[in-house]
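First chain A sits with chain B, and in the next complex the same chain sits with chain C.
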Partner chain A sequence: MTLRDFAIRYGFIALLVGLVVFFTVSTDGFASPQAAVFIFQSVAITGILALGVTATLVVGGFDLSIGSVATTAMMAAAYVMVIMEQNAFVAVVVCLAIGVVVGLINGYLIVYMRVPDLLATLGMMFLLVGLQRIPTEGRSIATGMTMPDGSTANGTFSGAFLALGRHRFDFILPNLIPVSVVVLVVLAVLIWFFLEYTRFGRMMYAVGSNPKAAELAGAPVKAYKIWAYVISGVFASISGILLAARLGRGDIASGNNLLLDSVAAALIGFAVLGAAKPNAFGTAVGALFVGILLQGLTMMNAPYYTQDFVKGAVLVVALVFTFALSNKGRT
Partner chain B sequence: MADPVFRIADLKKSFGPTQVLGGVSLELHAGEVTVLMGANGAGKSTLVRIVSGVYDRDGGTITMDGKDFAPASPADAIRAGVVTVHQNINDGVVVALDVATNLTLDRLNGKGAKLFFNPRAVRRQAREVAARMGLDVDLNAEISDLSLADRQMVAIARAMAHEPKVLILDEPTSSLSSAEANRLFEVVDRLRERGVAILYISHRMSDIRRLADRIVSLRDGRITGTFDTKPLDYEGAVNAMLGRTMHRAEIAARDGAHTIFSAEGLRIAEHAKPFSLKLGDGEIVAITGLVGVGKTALAETLFGVRPPLGGTMMLNGKAYAPGSTADAITAGVFLVAKDRAESGIIKDFNLYENLSLPFLDRISRLSVVPRRTERAVARDAISDLKIVCRSERDDMATLSGGNQQKVMVARWMSQDANLFILDEPFQGVDIAARRDIANKLRASAEGRATLVFVTELDEALETADRILVMSEHTIVGEHRNAEVDIDRLLAEIAGQPLKGAA
Partner chain C sequence: MNFTRRTLGKLAVGLAAASCLISAPAMAQDKPAPFDKPGDVKIALVRYLSTGDFFQAYLSGVEAQAKALGVDLRVFDSRQDAALQADMVDQAIALGVDGIIIQHGLTESMKEAAQRAVDAGIKVVAFDVNVENPKIPQIEQSDRDLARLALEQAVKDNGEAWKAGYVYVAGIAPLDRRDETWKEFKAKYPGIEEVAMFGTLDNPIANSVANQARSVLTANPGIQVMFAPYDEFAKGVKIAVDEAGLSSDIKIYSADVSTSDIAAMREPGSAWVATAATNPAVVGQVSVRALAQLLAGEEVGQSVIIPPTLITQKDLNDNDIKNMEELSAKLPQFAHAEVAISPWIALPGK
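Then we have the complex of A and B:
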């Protein structure tokens, strides 16, 4: 293996380890379980979104609507519990249904209406950003809010639902690991196993690389593409549920950065282990990389407004790794 | 004989440890067509790329009109008077523009190009270029509306606008029908008369017989034969290219046992005559015919890509009407599709992943793909079909065309078929690999019906027990591959009505 191959394959992991060592040495408390959990927690929501968008990248598509699916799910959860006065279970089911329906519509537009993926999901993004504000006439949803007709909403966020955002499991230390981190890890392992080891995942990669060849090998290409958008939609709605549970309200202003952060994580993932293609492990590492960098910089008192700059710089470096250094990107 | 216009001497080129050209010497004379023959991987493409300024050479000299020729870039080579028309036709034209703009495109760049684009001047210049070449294409047409052959004519005309001394044509007929190829040959004749030195790269014997003034054979990066005394020794040239005597493999034509597949009243295109088809166990049937007569349409109909317009199909005594490729595969009907790069190879996948693709559901347990099984299957295929590679984990891009095709065939032979269809399995495949594939097909034919679609008659004669001829989307002739009446066969291919035929 030449130095170049080595750099392409392990460069990003080495950089990640280097960062961890650097922050451990130069700050107090970076290498503690609490800090590690905090990093995971900070990337949980964007990480889940990124894993979903990875599924669409694998089939050669793209999903720009994930951020708005997440916020729509959040608003829907709040609406169901606060205004319709339903329980946590109903709220979760409604959110997941939203993810499935949006994924199906996206897939239908792209596969059957032949709208290019970026445009179809961009349209869906706009549509959802508007739609989530219509039921409450543009207001955020919180317990005891005043309704447009002057009455007061009587419902509350149920305790079980809030636990999704606030409960912590004991792990080594008591009350250490939040639910969102567990959900992230479980979903990451699931989608990783699905894409790498099952025939469905293999076929999805084939569909993304050469749809005609995949079809001639017996794959229902259209169905695979639609399923990828459904996966993306469901993952997005799960992160919307976690977001609502963490905030405890349906905040129309939250979730602005979700789309860009998660897409960045998925694209950074291309560079991990020299994959040069979308992959679940890379996406998870990409999300963690951004989380570690931001946490470390914050602990070193870097100002908050440098965050987007740092993310952008990491993304550009990762893309150079993927496309300039590796031969696979050159087709 | 006059001094050559273009002389290559002792040209060497290596990629890493692999020597691709080991001292090639070659001369091109004005007003002559020199045909360069070579199997896949012999170094033809590398030679062309060096001469056209894409690659640098490692050693040797190239002189043009006695002066050293060392192009730093493709544009440099064109300026010096060496123009190359590449195999991929769409590399030679800009699809988004019209014909006139394409013909004058090269004048938009470089020194002296005007800042503003004057459509009238462009049309005038384009008319000049077209008139000089005898190009019969509407100058206002968009390239995207033209056939491949017309696009290629435009590409050649565009190349000729530079008044080159040397023209290199790299497998120019590989995607043309024979009528289209004839138009190309006329253009080549005209250029030859104007004194252009032409290097024509091809392994189609019909092209070579039609055009060659001289034949040069290339094998493993060395010139193994030069033939320039008339009449040209074609067999000698093929022999030099292969390093062994080529003779038509003797086919012991077998008759199919019980019928495996049959079709009645099948119609695959509007206004096409319905036809019937019976394929027996253990026989290999070749369907031949010109490009565009419906061979691929029939292959795709049998494989469930498209429904027939009429008629019924039976497979092993049961009605067969596949609604999708998956249905066809389940029924044991497999297709090695035409044009492996476009419709076969998954380039992000390695060899064994490409091989297992259609049968993932059969080898998977609980939907988990067992890599060990995949790799074992691939290793068997590698030794079985003599695939040249380092291991089953090789990238497909590292394999030669013939070996890539072997992987495509092996992909579908890893499970037992009832009806095994191969559409143009020998396209872009060197003769050695073609032999390996044909032998494997014949050796394993028992237990299934095999249907091969080929345009080249030689390929049909070398492979099949029975030859069917297609013309205008229907089957017009049938021959047992023993004492074939070649004249009748050719007449059927050409679509000429036979005496007594309705």
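Then we have the complex of A and C:
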């Protein structure tokens, strides 16, 4: 293995380790189990979104609607519990259903209506940003809020639902690991195994790299593509559930920042282990990389605009790793 | 005491003045023109921002005060379209309204439209937008006072020396004004030590701020006070404080209030102890009253400032306040501002 190969394969992992060492030395409290946990927690929501968008990248598509799917799911959860006064189970089911339906519609538009993926999901993004505001006439949802007709909403976020955002499992220390981190890890392992080791997942890669060949080989290309958008929709709605559980109310938000952060994580993932293609492990590492960087910088009192700058710089470096250094990028 | 002619004279003048004062309310029953026939008075509200809890409450205040006066209110909503907002002012002029309230907007697009309205003999007031016109009074909520009230409470609760975390994003006008007050406070109380400053407007804001605040709390153990002069910031800090298990060690002071903020402040053991806020409905009422005074030919002044109210966790718990309506009902100073008051102007709900 030449130095160049080594750099391509392990360069990003080495950077990650270097970063951890740097922050450990330069800030107090970075190298503690608690810090590790809240770094994971801070990337849980964008990480899950990024894993979903990875599925669409694998089939050669893209999903711009994930951020707004997440915030729509958050509003739906709040609506179901606070205004319709239903329990946590109903709220979760409704959110997941939203993810499935949005994924199916996205897939249908792209596969059967032949709308380019970026445009179809862009349209869906705007649609959802508007839709989530219609039931409450643009208000955020909280217990005790006054409805447009003058009545008061009496429902509350159920304890079971809030636990999704606030309960902590004992691990080494008591009350250490929040549910969202467990969900992130479980979903990451699942999607990684699914994409790398199952026939379904490998076929999705085949569809992504050469749809024509895959089709001629007898693969139901259209179905695989639609499935990819459904996966991305469901992952987005799961992160919306976690978001609602953490905030404890339904917040009007476009989710654009969630979208950008998660796409960045997925793209950074291309560079990990020299994969030069979308992959779940890389996405998870990419999300973690951004999380470590941002939390470390915050601990060092760096202002917010430097964080955007650093995020952008990391993305550019990762893309250079992917496309310039790796021969696989030259297609 | 020697009674001289001069003192008698003074007494006589005083008595005369006093009798004038007594007779004044009686005279005030006769409303000045054009409010002797309020049904013929048409006013327009031209809005730039309208979505969100704050703007909804503002509108309800405008409507309530217009109803109390008995005037005819037209609402124009440009939904954040600056050019459309200017057109709407022209539309209101064509409609022959007597007065216009401009609510938010951009100086560049509204300056000329506002001037055209003034030229057409229409009285205009502006809320939270500077149209650079000496004939147009500015209605403002005082961001400096908001920050001052919250910080004074922090000093009252924690003494004059504490370690503080501060949430701030530069370049947002109200936050910049609140920041000026924070700087003054730090200069006035050298014991206040700002150990960390952070903040972001990435949405959902509360979630992003919570992530940052977790790091800050870990890197700076010993923070006693978090000053988060915007309720979304405070919400995020509260989530982080709860997650770090520091709710009993840290106190959060903020500005602005909403129904969900009230719920967060009232959670058992909540670290969010006080917020300073102006009631948007009151701002709406004051906007209409100031316009009415202008129409009646009274002096209003260049700026009309609505004083904020301090709302503490204790107030909320003692009065069992659960939402904005109950806050207005149970904290009278929040429900009403003694600003732009004339005896002939009926107040809403009275």
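Structure notes:
Everything below uses one rule, namely that the second predicted complex is superposed on the first by the 327 of 331 C-alpha atoms of A that agree within 3 Å, B and C clash if a C-alpha of one lies under 4 Å from a C-alpha of the other, contacts with A are read in each partner's own complex, and residues count from 1 in each chain.
Just so it is clear, a residue touches a chain if its C-beta (ideal position, glycine included) is under 8 Å from a C-beta of that chain, and two chains touch if they have at least 3 such contacts.
Not measured: the values here are computed from a predicted model.
Partners chain B and chain C, once the complexes are superposed on chain A, both fit on it without clashing.
Within the superposed three-chain model, A:N257 lies in touch with chain C and out of touch with chain B [touch as defined at top]. Put simply, more of the residues of chain A are touched by C, taking chain B and chain C as the two choices. In the superposed pair of complexes, A:R246 makes contact with chain C only, with no contact to chain B. Residue contacts after overlaying the shared chain place A:R202 against chain B, while chain C stays out of touching range. Within the superposed three-chain model, A:E215 lies in touch with chain B and out of touch with chain C [touch as defined at top].
Contact with neither chain B nor chain C is seen for A:F22 once the two complexes are overlaid on the shared chain. Chain B and chain C never share a C-alpha pair closer than 37 Å once the two structures are laid over each other. Of all residues in chain A, only 197-200, 202-203, 205-206, 208-210, 212-220, 277, 328, 331 touch chain B in the complex they form.
Against chain C, the residues of chain A that register as touching in their complex are 27-30, 32, 34-35, 38, 41-42, 45, 71, 74, 133, 137-140, 142-146, 152, 166, 175, 178, 243, 246-249, 251-258, 294-296, 298-301, 303-304, 307.
Residue ranges on chain C touching chain A, taken from their complex, read 50-53, 56, 169, 196-200, 202-208, 210-212, 214-216, 218-219, 221, 235, 239, 242-245, 258-260, 262-264, 322-325. Residues of chain B that touch chain A in their complex: 303, 305, 324-326, 328-329, 335, 337, 342-349, 353, 357-358, 360-361, 364, 367-369, 411.
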